[in-house]
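This report refers to the structure that appears directly beneath it.
Chain naming follows the written order as A, B, C, D and E, and within any one chain the residues start at number 1.
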Amino acid sequence: ACGGSGDDASGDEGNSESSGSEGSSTEESGEEVAGPIAIDGSSTVYPIMENLTFSYREEAPEVETSLNSSGSGGGFKKSTKGEIDLSNASREIKEEEKKQAEENGVQLEPLELAYDGLSVTVSAKNDFVENLTIEQLRQIFLESSDAEMWSDINPDWPEEQIEIFAPGHDSGTFDYFNEVVLEENPMKEGENTTLSEDDNTLVRGIENNPNAIGFFGYAYYAANKDSLKVLGISEGDAEPVKPTGETIQDGSYTPLSRPLFTYVNVEAYKNKPQVRDFVEYTLNNAGKAAEEVGYVALPEEKYQEQLDKAKSWAE
Amino acid sequence: MTKISEETQETRTGGLTSKPVVDRKDKQQKRESKNVMQVEDLNLWYGSNQALYEINMDVPEKRVTAIIGPSGCGKSTFIKTLNRMVEMVPIVKTSGSIKYRDQDIFNGNFKQEYLRTKVGMVFQSPNPFPKSVYDNVAYGPRVHGIKKKEVLDEIVEKSLKDAAIWDELKDRLDANAYGLSGGQQQRVCIARALAVEPDVILMDEPTSSLDPISTSKVEELVQELKKKYSIIIVTHNMQQAARISDKTAFFLNGELVEFAETDDLFQNPQDKRTEDYITGRFG
Amino acid sequence: MTKISEETQETRTGGLTSKPVVDRKDKQQKRESKNVMQVEDLNLWYGSNQALYEINMDVPEKRVTAIIGPSGCGKSTFIKTLNRMVEMVPIVKTSGSIKYRDQDIFNGNFKQEYLRTKVGMVFQSPNPFPKSVYDNVAYGPRVHGIKKKEVLDEIVEKSLKDAAIWDELKDRLDANAYGLSGGQQQRVCIARALAVEPDVILMDEPTSSLDPISTSKVEELVQELKKKYSIIIVTHNMQQAARISDKTAFFLNGELVEFAETDDLFQNPQDKRTEDYITGRFG
Amino acid sequence: MLGQNEEGIKKRMEGRVLKNKIMAGLFFLATSVGLIFLVLLFYRVLTQGIGYLNWNYLTSGPAPYPEEAGIWVGMIGSIMLMAIVAIFSVIIGVASAIYLEEYASQNKFTEFIRVNISNLAGVPSIVFGLLGLTFFVYIFNFGYTLIAGGLTMALLILPVIVVASQEALRSVPIDLHQASLGMGATKWQTIARVILPAALPGILTGTIIALSRAIGETAPLIIVGAATAIYTLPDSLLAKYTAMPIQIYNWTARPQEEWQFVAGAGIIILLAVLLLMNSIAVLIRNKFQQRL
Amino acid sequence: MDKGLQSEGNKLNVQDLIERNKQKTTFGQRIEKVIPWFLLLCAIISVLTTVGILFTLLRESIGFFSNVSIIDFYTGTSWSPWSGEYGVAPLIGGTLLITLIATVVAVPLGLMSAIFLSEYANDKVRRVIKPILEVLAGIPTVVYGYFALTFVTPMFQSIIPDLGIFNALSGGFVVGIMIIPMVASLSEDAMNSVPNALREGAYGLGATKLEVVYKVVLPAALSGIVASIVLAISRAIGETMIVTIAAGATPNLTFDPTESIQTMTAFIVQAATGDTTFGSTIYYSLYAVGMTLFVFTLGMNLLAQYISRKFREEY
């Protein structure tokens, strides 16, 4: 589905890893693991998780995974009540969510799965924008700004209404953008803004409209390279950087690089062997899955570290 | 509806309508044979619309009583009152009394279902159930708890024989009754009514939807049946009434105008209105 | 349906049925008055079911022609063929020819709509539109493009007068026709038919749903109307035919058995079947 | 005629007849618009979906790759969902109809139930979704499970079944009523032995039509939380599930073109199931209707 | 007739019956008594459903209206829930716009189809076309949504080049196509039940088919026709998936059909699929919107019932 140049390399990596994981799961569980696992949350993380749950079936055919994508906030809504086992998120858990979890006697622990470069895109039909500064992004997205037309941002650009396509306000992607770009100031809303929890709606909306702009996880851009144009982002006077595998992993795509998480319900991890097994499988295969769907894998030792951390929960 | 028996006593007083010239003939009749049903001062209303006025009539045992009268005069209403089927219309109210073998049928202790096994009914157009002939005839006995195959077989055979249709249908008992001709259907319906061995059989224009041949078959059957059953038959065909009945009642606008031996009524009507009707001056 | 005129010529040959004993009387008739419509060798099928067989009949001008016969003999079918209303049933096929004032009504150039303004119709049960009396009567003229209020007023008044109901209704022209009695409704329907000043008026049992008083009013009206219009009236009431018609046609099983001056037909029927029918031996 | 000569009438007649012909053409054209869109829709779905429709598609569940994705889990989920819906809605619906037609007396309360049922039939399905979320998912604590989805849908089509059953019961000739009561049968005996069997074809037809509405419903299922990616079939009433329309919705929402074809294939299956259900309904209707 | 009554001397069944009857009475009578109560209970479930809906909507709406004034809710013209602006007008406007477009499409086409089927088509044609047309109403709405987005919108875009990918026009148009059969079928029923005698009366006066339709059939069937239209409109108001997929997610108070809008139903889907935190004002707002939607459709349904009852016995 996603032809990237790094595919070959990551494919090799993946193979070696997955053979390792097979070994680990058989030696640990001995008997077949079975039972349901409920996963929900971030739509950014959804493609990785879909990839993992799909391939996990070969590993443990008796385990019944169910996966939804309600956004990071939607996931926490359920996980803080203990309704689900894994809660995907493209941001860290918020204080109020943590509190809610505590009230409900739920303990959630984060695992990092991959890096994402939050991609600001316009349609491939757009022939005027190539790069934007953080300052310009603020002009475009902040409610307090008066900029309505592209010409308000740069007089060379056409006098056309800016159409915004953004993820819903409770999504991790929005939160992250909100934090690092808008600095927690309200974003534009209303007639020229489409908010959708469904990143594909955003992709479609942007690719069809030369005056549209929006942002979402790198994977959604990677899957639609033909119809979308990703913008280079610069802070201050620095050179604009576009998100790619390298710029995201080496941190030069800043400030919009971010880690992706899944939050594990520790109780479930302890009591449900299938959750434990799946978490191990996830950490062994997340890198490959991430690369496959267009995100960037963490360094190998990072996964190993987390695997050890996870094993400690069970004690 | 169940309050009828209470009302009975109160409303009975009203005598707005003239007494029909019934008593004379009727008393003669009483001496000749026993009565299976007795109707006294029966009034009936559909809502506020009175459909029967002060009917007094004795139904003789093992004879055929015909009821004639123009359309809308209350013939159907009257015979449906005899087995309380009229109460299917929720707005019906009655006063007066009807006795079946000296039991008041409106009495709360007298079960409607029991009355209807005793006073069976055959309708204007054949209305078999959409089931096999066998199941149609066995319906009544089954409803009353008879389940044994042999007993049912016997009842079905006997009833179909009594309805003079056994020979025609004995090889087609499993056929759906809807596939039969109208005349056959009507006789199956009669067999169905006979299967519970009623005492009285009410027939509401049983031949009006039949062709002449089927009609004459049913007429012959009625003659046969009166050996065992008391029969009341509504017809708007005066010739038919004359042909098959022993006694005839003439209704007009909800009143029983005249009730007499059939021959008397047709040859020597006592009431001007009866005479007008049977000579075809109206209706 | 529009292919009828083509078929006309081909199917005409068939003469399965015996020629009715019509010609004798009919020729007398022809000498006396002009014919407004002429039916020749008319056959009609509902699908594969033949309902009319080789009908030959001339309709005299400004006279009342009655059509009698038992139920299902084709009376309604026949008169509906005269203004091609029968073609509302899609499976109808006809052969033979019908001429209205020497024009072939099945000819493609002869507009159905025109035929119907010339050959008006009154139906068995009154069928006023759910509109005011005025709008009912003005319907036809309006359809034909008359819009002027004064002209319409005049037409409505004249038609209602001709239909002998002006006096009863002149103050209630705005009332909905549904609120009228059956007899009034029927006369409004007659007025509605008169409003387009037809040449021939077909009436299909126009009094069968009316009470005796309304019936006699309509009968009188028919007598009045024949001064100006040619009238064909279907009735199953032989007395009525005898009372009001000049000529009578007797239909049986889709055949025209006998067609003669009314008095002749009733007093001196030429065909055994006619005799049987009018003496009440069947029907 | 008064106020107009013969020629005028004849001339106008030409115009009137012509106008009628033109309008007839227009009416036909208008009818074709609906039909044309139906054809377009089918054509579009077929051409897009048929390429992806193969045995593998029928027998596999969702997958991250279009070539491997299939409808199996959604289809079985839908069928199980329909089984639950059918059981609940038919029992409750037919019972309500019997009550209203045979037992209820004509009073304010009965009238209220009747009005209430016709109103429920017009309540948007998404509102039923909210009802299901509040009651079945949270208050009854079933969670996002098959039974919660099934009960929500059952309530959604309940009014349709009640109305269809009422009509079926009403169309049983009063003759049969009378015949049975006239034999001394009790009311319930009459209903159970005569009326229900005679009304059965109508009830079945109505039920299938109602179910074929339910099988395509998406919005309420989204609200009561059918899963997007699930690879195993539900093994209990309290299992997570997915359904065909949810899968289709999910696929159509993806931006890559291949997913449109996967969705197209899913739509073909969904429409095939629908047509199958409808033809069964028509068959039942044709087989039994001549009888009564 | 000698065959009649030939079997004499059998034992009498009637006595048998009566005895059995008396034995069974207790059980039989008990059933006879219990059944109506069971049936009543089932009939009451539909009432409970309504109560449940009201309870659901009211309970959460009250929560909402304790935070947001009901006056602001119904008079405000800006729907930006994440900035705290809760004027429902744009959502109602979106719903009305969709409904309006659908009505403009469906009513003329549906009515003309009904006239064709009832008055012009012969029986065979009617019996084929009517059920085929009814198939339109049975197609799942996701399918329509997909059709609107991938076929109708591009089709319109070739006529109106700057039409966005999400717009009210194609959503409303397809909703209109979907409700054509409701108008056509129910109106056809109404026209069909106009007694033939009325038609004959008019034909007998030389009226053409068209004149019969306009002056006799349509007026006589008017109540049924109006009721069918009202019902179809009510269906359009409550339609969810088509507008969610094709009409966009931009709460936009506009009557320009080429713009992206959001309907009440689409907002409910958006908000309920995880974009909101449980217990937040936005979460409650979806019930307030649901309540408004419910009131709208309830009003339409009552109106339809009133019309068809009031004018039923006209002919």
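Keep this in mind: contacts are C-beta pairs under 8 Å (C-beta built on N, C-alpha and C of every residue); 3 or more make two chains touch, one makes a residue touch a chain.
Heads up on the chains, UniProt names are B, C = Phosphate ABC transporter ATP-binding protein, PhoT family; D = Phosphate transport system permease protein PstA; E = Phosphate transport system permease protein.
Predicted model only: the values in this text are computed from it and were never measured.
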item: Two chains sharing the most C-beta contacts; value: D-E
item: Magnitude of the superposing rotation for subunit B and subunit C (Cα, nearest 5°); value: 180
item: Longest centre-to-centre distance from subunit C, chain (CA-based); value: A
item: Cα-centroid distance, subunit B relative to subunit C, in whole angstrom; value: 43
item: For subunit D paired with subunit E, centre-to-centre distance based on mean C-alpha positions, whole Å; value: 12
item: Approximate Å spacing (C-alpha centroids) for the pair subunit A, subunit C; value: 85
item: Subunit A residues counted as touching two or more neighbouring chains; value: 68-69, 201, 204, 207
item: Contacts with two or more other chains, residues of subunit E listed in rising order; value: 149, 206, 208, 211, 273
item: For subunit D, residues contacting two or more additional chains; value: 13, 16-17, 186, 253
item: Residues of subunit C that touch subunit D when the two form their complex; value: 111, 113-114, 117, 141, 143-146, 148, 151, 154-155, 158, 196-197
item: Residue numbers on subunit B that touch subunit D, as the complex places them; value: 83, 85, 88, 90, 113-117, 120-121, 123, 125, 127-131, 139-140, 142-144, 176, 178, 189, 192-193, 196
item: Touching residues (chain side subunit D, partner subunit C) in the complex; value: 1-4, 8-10, 12-13, 16-17
item: In the complex with subunit D, residue positions of subunit A that touch it; value: 1, 36, 38, 47, 50-51, 53-54, 57, 64-69, 83, 198, 200-201, 203-204, 207, 220, 223-224, 227, 293
item: Of all residues in subunit E, those that touch subunit A in their complex; value: 78-80, 82-83, 85, 90, 149, 164-166, 248-254, 259-260, 270, 273-278
